[in-house]
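A, B, C, D, E, F, G, H, I and J label the chains in the order they appear, each numbered from 1.
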Amino acid sequence: MSRLAVTEKIIATKVAQGLKWADVAAAVGLSKEWVTAGCLGQMTFTAEQAAVLARLFGLTEAEARWLQVVPYKGSLPTAVPTDPLIYRFYELISVYGSTFKELIHEEFGDGIMSAIDFKMDLQREPDPKGDRVSITMSGKFLPYKTY
Amino acid sequence: MSRLAVTEKIIATKVAQGLKWADVAAAVGLSKEWVTAGCLGQMTFTAEQAAVLARLFGLTEAEARWLQVVPYKGSLPTAVPTDPLIYRFYELISVYGSTFKELIHEEFGDGIMSAIDFKMDLQREPDPKGDRVSITMSGKFLPYKTY
Amino acid sequence: MSRLAVTEKIIATKVAQGLKWADVAAAVGLSKEWVTAGCLGQMTFTAEQAAVLARLFGLTEAEARWLQVVPYKGSLPTAVPTDPLIYRFYELISVYGSTFKELIHEEFGDGIMSAIDFKMDLQREPDPKGDRVSITMSGKFLPYKTY
Amino acid sequence: MSRLAVTEKIIATKVAQGLKWADVAAAVGLSKEWVTAGCLGQMTFTAEQAAVLARLFGLTEAEARWLQVVPYKGSLPTAVPTDPLIYRFYELISVYGSTFKELIHEEFGDGIMSAIDFKMDLQREPDPKGDRVSITMSGKFLPYKTY
Amino acid sequence: MSRLAVTEKIIATKVAQGLKWADVAAAVGLSKEWVTAGCLGQMTFTAEQAAVLARLFGLTEAEARWLQVVPYKGSLPTAVPTDPLIYRFYELISVYGSTFKELIHEEFGDGIMSAIDFKMDLQREPDPKGDRVSITMSGKFLPYKTY
Amino acid sequence: MSRLAVTEKIIATKVAQGLKWADVAAAVGLSKEWVTAGCLGQMTFTAEQAAVLARLFGLTEAEARWLQVVPYKGSLPTAVPTDPLIYRFYELISVYGSTFKELIHEEFGDGIMSAIDFKMDLQREPDPKGDRVSITMSGKFLPYKTY
Amino acid sequence: MSRLAVTEKIIATKVAQGLKWADVAAAVGLSKEWVTAGCLGQMTFTAEQAAVLARLFGLTEAEARWLQVVPYKGSLPTAVPTDPLIYRFYELISVYGSTFKELIHEEFGDGIMSAIDFKMDLQREPDPKGDRVSITMSGKFLPYKTY
Amino acid sequence: MSRLAVTEKIIATKVAQGLKWADVAAAVGLSKEWVTAGCLGQMTFTAEQAAVLARLFGLTEAEARWLQVVPYKGSLPTAVPTDPLIYRFYELISVYGSTFKELIHEEFGDGIMSAIDFKMDLQREPDPKGDRVSITMSGKFLPYKTY
Amino acid sequence: MSRLAVTEKIIATKVAQGLKWADVAAAVGLSKEWVTAGCLGQMTFTAEQAAVLARLFGLTEAEARWLQVVPYKGSLPTAVPTDPLIYRFYELISVYGSTFKELIHEEFGDGIMSAIDFKMDLQREPDPKGDRVSITMSGKFLPYKTY
Amino acid sequence: MSRLAVTEKIIATKVAQGLKWADVAAAVGLSKEWVTAGCLGQMTFTAEQAAVLARLFGLTEAEARWLQVVPYKGSLPTAVPTDPLIYRFYELISVYGSTFKELIHEEFGDGIMSAIDFKMDLQREPDPKGDRVSITMSGKFLPYKTY
């Protein structure tokens, strides 16, 4: 899959040049969460956004076109992730998944929180006992249709 | 595992009596997120908390003791969840997991967001285009130790 | 899970009494597709709908309440279904999945067809070379949000 | 498998030249659903159809021959697909699979809907609340033979 | 699933009474292959056939009705069978599967051998070097539809 | 594994030159079933047979030697095959596996049908309702040894 | 499966009465390896052997009949065994499997060692550095048939 | 992993030159079982042994050093092996694994047969009804330590 | 498996009576690590040890005999554990497993650390920044035998 | 992933030059356990540490930068490791995992032993009956937060 090759070039260039995702996002003019996901091969860029990235990462025209094609999504190599940072999120679903389900249904009824009409914000939360990672997710509630 | 039997009794009683998790949490005096997780067999209650739950759900003394034993955690029947609401969270990790990793490391260096020293708040976010589910997670950052 | 027990009672009663799903759906006043899915433990009924089903299948009051609780969805025992009828649908995704993806993105851009805001109609299509099964699915297109 | 190499060349050329599957299908003279599936390595072309594709995508004679060989079918990298668009179809089978089974058997008796003598049509369905994806599938019913 | 209970009762009765599948099939008036598959919960009987089986195996009326309901098919507990006799068939597919594919396509073009419009005959083939099991399978060829 | 490379060369040459397995088998002087399986990397050829194949497919001397080495057998990429033609055989085992077991044991007692001392014949069976694929398998019965 | 129930009764009786497999085998008049495998539900007994076992383990007539029915074989709960003693054998196959293959083919050509026409002897081998387990396996070589 | 490359070179050279494992073992001065396992990447050679192999297989100095590094063991591509010869050993564990366990514990108590302090001898056993493969395994019994 | 029933009775009694593993171990006269493992169904007790446990947990004579039978070991329900405490140990193997391998081989050569001739000590390690869990494992090194 | 390429270069250089991990660790000035894990691609080095490694292993500047990027952790190719040395650790978790859980909870209450704020020491423990591997692990106890 050629999008994968573009993703690998972006990552290798980022390491070689010491770029930061926050700076890449600022150049694109969108949140660091969405832009990083896009650079990692999970989102689709417009021609203008792709042009910015092409400049930053030295992409060819063909590579820039791949950024505008909807990718086959899924960024992890195994169904249960082995990386400790990512695993902790998987563990949260394992431990809290039934709680998410109960509380969302108690508040909204049958349906889901959209993972498509979705946004996310990740921040450092200073704390004297050790700083914390704070993540706020917001997804539209989609009720099951009756017919 | 006997804790499972207590969990099933709590859920069956809740359905039969039309209780709400928010009310159960208020009776216990803690957040609805943590109390629901505990009632679903994922957290450990103190003797006082267990007594409140025993009263609400008509538990025997032995059943109340099980609430005070640390459970074998994990609330889902399969590694990849089939329930659509819970799957959407799994999908978020699949799509955004590498983004979580990049951004947390960019901000904090090598380490993880704790899933133990962790709290969560789930709210309805009114929106004219359809209300949204808003989830704020806060976990302590734990840096990898060098030795 | 008690909803499972209610589902099994409904199925056993249906076999014993020779009921048809189409008649059950007519009594409930909704499509046969949605009502059958609900009776098989995948959808949530209102109190009125549950009362109709309780009468048809001889359910107790407690059993009728379970019909009004959002179930843990997923109706198949294995990730790859063994039943030939159901497998053929799985095969269609295996063979045509990438085609669905290409054509929906070509028409709509990045996003998905909702499986929640979704309806379905299943009909017999008479054909001199052998009647055909005709299934029409309609799901709202949900575009990926940029932020 | 060499067919895979031809598929990858077709996709790369399509991105580079900005072709549309609908136009490719029109050139071949068949539906966009079947032609796209074929270009993605799931169907077998005739010599004439392969010649059209060879012209469009700049294929060599050997590559065009591969298009006329029956491929090893199956277009997805994992048993449970990770891509959100394709997963939604998998979820529909998980949630509605037993419903498909009940309703088809109620109407036709024991047998299956063919995935071979099968056709499909995918259209945009305009809707003021948001356009919808409409998919109509038609497969011959095949009754189980008694002997 | 109640059909499973009927299957287990049939098997237990067969062991207790020392019945033979060949005799059961003769009573039903169909091949031993199809009748055995049906008694093992894989096929659907007519009311008349079910009545014969009810008499042979001492089934109740409700149990006989279950024999007339299309079952969820698949008779093996694991994806790769552990029983040596059944495994040998799985091994044949592993070793000869690509050969089946090449030769059927060479003879018939793209399509499949039906597993639905299918019949089978299993016989002892006397041989001085040790008798052989002879299995003849016959399935209708179904060509892939172009549209 | 180098045998794999020889297999791929044989297949690519076959496509490029439009050879038929039946003709290859005739040149080797054995059945089309066994010769195809061998060319697909599942059987071991003698030096004479390998020389014939080397001539037909333009193999080097080293490649011809690989044809005489016993290969690591198993020709399918996944435990449950995704290709529809091959899957139908897997489905037959899933549905009829317990029937094979019952009928072979009823006729022969405890033991297996050999997949080694085994032969197979695949033919077109003309039929006015659509031609059929007919496969006859013959494997020596091997009784379990008591000791 | 009722044979399982008979197996469990045999094991429970053996623990309760402190029987030894060697004594059971002596009573049956065959090797301890084959008799133990049979008592654990993997082999088929004759009526005479079953009568001996029925007396030893207090089996009913129906239970004794089950011992004469060919069982669904496979005695382990998972594909990769967790028990350390049994795992070591699995590890030997993982480490030495390709060696078995090379040496048997070097000596015999293409074929297998039969697991059906097979016998085994397990003995204590005294050794001053710690006694050893000695296992001798003997299986008929079965050459692949050419046809 | 570079050891893999050395293993592949050894195998390719062996095929090209028509060497036998028995001769390789004789040159090294150890059993054919251990030397073959080592050449297949499962054991660690001394400098002297590696020098012999380097001469036989034309290895470079760097390649010879890799033979002296402890490899990551495990010589099979899947958890359940597909090759018929190797599968038969897996089947023996599936069928006889619980028998191994019972008999070794009956003789030795709790513990295991070592797969490390282990040796093996594989011989042809002439038999008028067909020669047999005879394998003798000897592993030290290791009792579980109590503390 | 009856040992499982004894394990469950021991655990249920422990919860009901508020016993501590340390006290159970003291009564048995061995380490808390080994005795707990045994009570959880992983180790084999002597008649004397079983008598102590029978008194503590109110076991019948038959239940006490089961404690003296070598169990089928493995105490976790899934290959990758879901419980966060146990998962951390699995993660350590995932992250540090290749390090264990390199360092043990560097120090000892080819071989393993025995998991049978093994002991373990688990202690609280006071620390002003938060107490620590300290685990010391000691296993005999077993060198691979050359033959 | 480029870090993988750097890891492979480090390992290949180490074999070619006969370096020892203990010496590498001494050059870096940290423990052999942590430094080895880092060289195997599991930890993140500082610029100074990376410079030392670059000198030792002849890394380019770009390769040295990769050592300073947080890697995707997990050093084993399969969920259940096949290598005997590493498997023994997995077996310890399988056998002792529930014991770890019981004893840590008995001492500390609900929570985990951190695998992040963690250190480890691996030593040879001389013993006349055969030297032993001694591993001391120390991880901070993290109590579950109540909120």
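Going forward, a contact is a pair of C-beta atoms (placed from the backbone, for glycine too) under 8 Å apart; a residue touches a chain by one contact, two chains touch by 3 or more.
Not measured: the values here are computed from a predicted model.
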Contact-richer chain pair (by C-beta pairs counted) among D-E and A-B
A-B
Note: among H-J, G-J or A-C, over half of the E-H contact pairs reappear in G-J
Find the geometric centre of each of chain A and chain J from their Cα atoms only, then give the gap between the two centres in Å, rounded to an integer.
29
Chain centre separation in whole Å, for chain J relative to chain C (CA means)
49
Would you pick out the residues of chain H that each touch at least 2 other chains?
33, 72-74, 76, 79-80, 82-84, 91, 94-95, 101, 105, 111-112, 114-116, 118, 142
Could you please write down every pair of chains that are in touch?
A-B, A-C, A-D, A-I, A-J, B-C, B-D, B-I, B-J, C-D, C-E, C-F, D-E, D-F, E-F, E-G, E-H, F-G, F-H, G-H, G-I, G-J, H-I, H-J, I-J
Complex contact set, residues of chain J against chain G
80, 82, 84, 87, 91, 94-95
Note: in the complex, chain D contacts chain F through residues 2, 62, 65-66, 69, 72-74, 79, 115-116
Which residues of chain G touch chain H in their complex?
20-22, 32-33, 36-37, 40, 42, 73-76, 79-81, 83-86, 88-108, 111-115, 118, 120, 122, 124-125, 127, 129-142
Residues of chain I touching chain H in their complex?
30-31, 33-34, 43-44, 70, 72, 101, 105, 109-112, 114, 116-119, 142-147
As the complex stands, chain C meets chain E at residues 8, 11-12, 15-16, 18, 77-78, 80, 82-84
